[in-house]
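Take a look at these structures.
One chain, chain A, appears in both complexes that follow, with chain B as partner in the first and chain C in the second.
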Partner chain A sequence: MRSRLIELRYHARDRLRAARRYPERTAARVATVVTLATSAAFIALPLYWLFSAAFRPQEGIEVPPTLFPGRVTFDNLTAVLAETAFPTYFVNSVVVSALTVVLAVVIATPAGYALSRYDLRYERAFMLAVLLVQMIPLLALVTPLYQMFAAAGLLDTLAVVIVTDTVMVVPVGIWLIKEYFDTLPEGLEEAARVGGATRLRAFLVVLPLARPAVGATAVFAFVVSWNQFVIPLTFTSSQAVWTFPVGLYEFISRRGVVNWPLLGAASLWAMFPVLVLVAAFQRQFVAGLSGRFGGGRR
Partner chain B sequence: MTDDAGTTRPDHREPDGSTVARREPDGAIADRREPVLTLPERVFEAVDRRLPYLFLVPALALVASLVVYPVVRAVELSLHEVVLINLSDQQFVGLSNYATVVSDPVFATVMRNTVVFVGASVLGQVAVGLGLALLLERRWLGGRLTRLFRLAFVLPWATTGVIVAFSWQFMFHPRMGFVNETLRALGVATPPTWLNSTRWAMAAVIVATVWRGVPFSLIFQTSGLQSIPSRLYEAADVGGASPVQTVRHVTVPLLWPFVAMNLVLVTLFTVNVFDIVFVMTGGGPLHATEVLSLYMYETAFDVGAFGRANAVAVILFGLNVAVVALYLVAFDRGNGGVR
Partner chain C sequence: MTEIELDGIDVSYDGVTAVTGVDLRVRDGELLVLVGPSGCGKTTLLRTIAGLEHPDAGEVVIDGRRVTDLPARKRDVSLVFQDFALFPHLTVRENLSFDLRMQGYDDADDRVQDVSEILEIGGLVDRSIDELSGGQKQRVALGRAIVTEPAAFLLDEPLANLDASLRERMRTEIARLQDDLGVTTVHVTHDQAEALTMGDRVAVVRDGRIAQVGTPEEVYRSPASVFVAGFVGSPAMNLLRGRYDSDVDAVEIGSDEDAADPQAATAGVEPAGEETNDSQTVPVGVGGIEDDSAVVLGIRPEHVEVEPERRRDDGWFDATVAFDEFRGADRYVYLEAAGCPEITARVPGRSSVSVGETLAVRFPPERLHPFDADTGQRIATGEQAESEAAAPEGDR
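What follows is the complex of A and B.
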């Protein structure tokens, strides 16, 4: 403890001396950190504003509003679970996201592997198609899909939501996994094949090495399906199969008057899994976001 | 890639006895197989040889049936008179759905709104994202601080669109919102009612959209900045270039392809933003924030004119294609300049 303090003091004195010697550079650095911190605060503010409503008492939010709740209460957090249909929506969301993750990984992993490892016919065309498919807007697909699902009698089921969510993430997954396998050496599979293993076995042998890319695909699939709104809004109509975004929209603001403390509480519960996931798997999340893995200098 | 991929092997015998010219993904190794095989083994071998193609089948089937086919279907439906209540009754009407859409006075407003909304949001997202990415690239920030900031900056992208919309609705609340509270504290006596005002609603929606989209541009530009080899910076340093000169002659030209691609992707995302606008304003007040995606949804599921909604969907799709084409042309030219 004591030595740490001394160390800090030396550090501070060192910084101070540097600041005196190079005042411009120091000013630039301070300005950068201040800008970044202000931006971070600005980005956190709207979420804080909504989430903090969850801890404010029901008897009217203070007007004029205060930055910190005057009296902190946890009633809203329990009330939204006990007195509303939110738990049903939450469970539906968990089911949808879990199955989307599984389906997306199961479909995208072998496809990405095949595209990376084998010299296939029409491979370039296929990769180009994967890229182009991502450029087709989901919104333009909503009406024809609605008609197709209606004709097949599949509307108002979780299955439709899961399948459509999966289609939205598979192209990105294929891309991520192909790129990652491209960086892995082929020696292991060659050894396995020379040793008499089938192609399937060889695939299973190298599969564990692709864990980072599979993880990134899974995180991406989870976040996309967890946050998906248009698909469940359009393809489901009965409350029993709503996921939470639809529940939040339809249920809490129905009378035009929004119960902000309850909404804040529901949002907080809904965001909790994502916040934990993103904090824990920041690298995978970022990879899913940019469609590429690390790369460049580090 | 294997060495002899693409070799034609006419002597190869299929399990059913026919001789077929086919390409072996990795033929060299396949030669090691035992000459005499039992039936199940032969079946397994036949399946295993086609494994790479089988691996692609589920993805291909899914995308073909739920992305490619619906696009065709949308074009087809847009040429028919279909109402939501009876989807199976489809009367061919040619291009009359498109004529109805284009002559709708609301459509003109919608297109104007879309241009304003997309233009302002895209510029905001890319500019802020690029700015933050440049600030975050400072080496002296240290790993821990960079990671912390990046985590904070990435949050909006992980947040559910509906929750983003509610957050900003609450921020812009005329009485309880943080924005108006700040404005009142700054001495503005009657701050705008934001989402209830035809003049300010669009601005509020754009702010929320930019807020949501900044993380994507930030991450994209960060990977762009990281792709610039550090030796170029070292060379600039050794050559005595000032920070401004370094940005002007090293960062900007090498980052330009990333900025162009970023603009394409962000424009595509923004043209298709639905949840934020839908929840925040529902397109109102008086169509002031009604963008193309909302107009399409409303036509389909509120008005119930399903055929006409598909015409709007095709227009939306066309807009996306146009954006991609436009940027590809601009991108090509920009690239040629650098070379």
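What follows is the complex of A and C.
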């Protein structure tokens, strides 16, 4: 303890000395820290407000607001599950996200592979087009899509949400997987082909090696579809097919009164799967995003 | 009984020609080495045989069967890659049995067992590929190639990724394995020494064409062109450009800087005090060369005669030692003579020379390789190539 204090005093003096010698550098540093801290608070405080509300009693949102709840309760967490339609929304969200993940991976993986391995004419143009699709603002598409889905009789179903979500994540998935296969030596498939495999078989042989990119695509697809608000809000109307982001909207009344404790509790439940997923696949996710084959494995 | 035949093969990538008009026959059971500088098309040729490239023109025939349009998996060949191309997510055993499983063999376990014993990797079969050293990976890659007993082996620079001492050992090992199995083999390398030591026959490739095919001895002793002469052998053959004078049956080195321009020819290399001293006359003594034609004379460093005392007899000229390298059994002496590019001579290691010393140098006419300076092709002059006594190895 004593030695720790001495150490701290030493560091403090060291800093002071440095500050006196290089005032501009110190000022820049302080400015950076202050900016970052402010930005962090800007993002963190509303989150804190929301999640702390989840543990406050219904009548406990005081004016003026307090930083810490006077009394901590878990009633809101159980109330959301027992007394609202939230479990339905939650199940709908799980179904939508899971199927979006499956569809996105099934479409993006072979597409990314083919773009990486085959000499396709207009490949660059195609890759750019894929990216451009991603750049069209969603809201610009909502009206035409609505009319198309209405004509097709698909409105107000989970299917329409799944299809639209999938279309939104596939371009990124194709890019991720293509870029990853570009770093994977083609000799592996050639070895498989000379060894007696068809091209399809050779693809399946090396597929496990692309796990980081496929995993990153899956996580990306999950997160995007899990948080998707505008699509389900626009294309669905019955509560039975709402996903939870739409459901959360319920806690804000028409008059703009927000039921903070229930909203906080529902948000906490909704965050849970994403947190688990990201925690579990974080390394793979990062490897797949930044990834090259062979780098940092094992 | 497997012969591989290439018939008028053309291959190009995106309009860039990689291989043009290659005819090549690989005989049953032989080890043929394709050798050439990087980018010469040798690997493309190999990949064409394997079925990984489709030729724009020409036919690939394996074992009398036209396979040009067959996919790689149906050609019954195996390919060892430069980077081994082992599957990193499979164990050694799974890698070894891969081709067997793909081709539906039911005695995979026994074959893997046999192969791992032959290659002395029996103890490694349950390891993952990442745990292996370079040499072990090399063996696994070879094992994967031989385990299906294919009609032919194709080896694409399999030694390039190994360190020097291991490379020497694997060189012998592969040649021996090939000999034991008696499988028709095509081996690609950029290393001419490797080509000479390993090959039953050597095909020198340049700019997508076969420059010469022959036994290592043939290619070394009578190179078909200036390119082959300069490429095969270490240290490289001395190549001296000059003009042939039939009156004295000799070539004047340095007198042909630019054959098309007579003024350039007389201008010489640099203005020297004595006119006679800025070129050297080398007697050829064979005839068969057109008078006043531009030629390139080649002479191997080991055939350059060097004597300590100055000599004034025919064919001898003076040269100054610019640098020398002791190589153990040999010593490489780099010599400068007026009008000549630097000459390399290979003398016994025990002889002593010092930099700056002037020596007498002679090119024995029977050791000279004359080439046409314009076409680069060897000029047929008789039996000189066959008259060579010793068969020197590529290096060392």
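General observations
Keep in mind that, in the parts below, the second predicted complex is superposed on the first by the 229 of 298 C-alpha atoms of A that agree within 3 Å, B and C clash if a C-alpha of one lies under 4 Å from a C-alpha of the other, contacts with A are read in each partner's own complex, and residues count from 1 in each chain.
Simple rule for what comes next: contacts are C-beta pairs under 8 Å (C-beta built on N, C-alpha and C of every residue); 3 or more make two chains touch, one makes a residue touch a chain.
In this text the structure is predicted, and so the values were computed from the model without any measurement.
With both structures placed on the common chain, the touch criterion links A:V96 to neither chain B nor chain C. With both structures placed on the common chain, the touch criterion links A:V161 to neither chain B nor chain C. Contacts of A:L77 after superposition on the shared chain: neither chain B nor chain C is touched.
With both structures placed on the common chain, the touch criterion links A:Y118 to chain B but leaves chain C unconnected. With both structures placed on the common chain, the touch criterion links A:L209 to chain C but leaves chain B unconnected. Looking at the shared chain after the overlay, A:V172 reaches neither chain B nor chain C.
In the superposition on chain A, contact is made by A:A191 with chain C only, not with chain B. Counting the residues of chain A that each partner touches, chain B and chain C differ, and the larger count belongs to B.
In the superposed model, A:V241 lies in contact with neither chain B nor chain C.
The intersection of chain A residues touching chain B with those touching chain C, taken from the two complexes, comprises 119, 190, 193-194, 196, 198, 298. Put simply, chain B touches chain A in their complex at residues 1-2, 5-6, 23, 25-26, 29, 32, 44-45, 48-49, 51-53, 55-56, 58-60, 62-63, 66-71, 73-74, 77, 82, 87-88, 128, 132, 135-136, 138, 140-141, 145, 147, 149-164, 166-171, 175-178, 181, 184, 208, 211, 214-216, 219-220, 222-223, 226-227, 229-230, 268, 271-272, 274-275, 278-279, 293, 296-297, 300-301, 306, 309-310, 313-314, 316-317, 320, 324. Listed in rising order, the residues of chain A touching chain B in the complex are 29, 32-33, 35-36, 39-40, 43-47, 49-50, 53, 61, 63-65, 67, 106-108, 110-111, 113-115, 117-121, 126, 129-130, 133, 135-148, 150-151, 163-164, 166-167, 170-171, 174, 190, 193-194, 196, 198-200, 203, 223, 226-227, 229-230, 234, 244-245, 248-249, 258, 260, 263, 267, 270-271, 274-275, 278-279, 282, 285-286, 289-290, 292, 295-298. Within the complex formed with chain A, the chain C residues making contact are 14, 50-52, 71-73, 75, 77-79, 81, 83, 85-89, 98-99, 102-103, 130, 144, 148.
Interface residues of chain A, counted against chain C in their complex, comprise 119, 185, 187-188, 190-198, 201, 205-206, 208-209, 294, 298.
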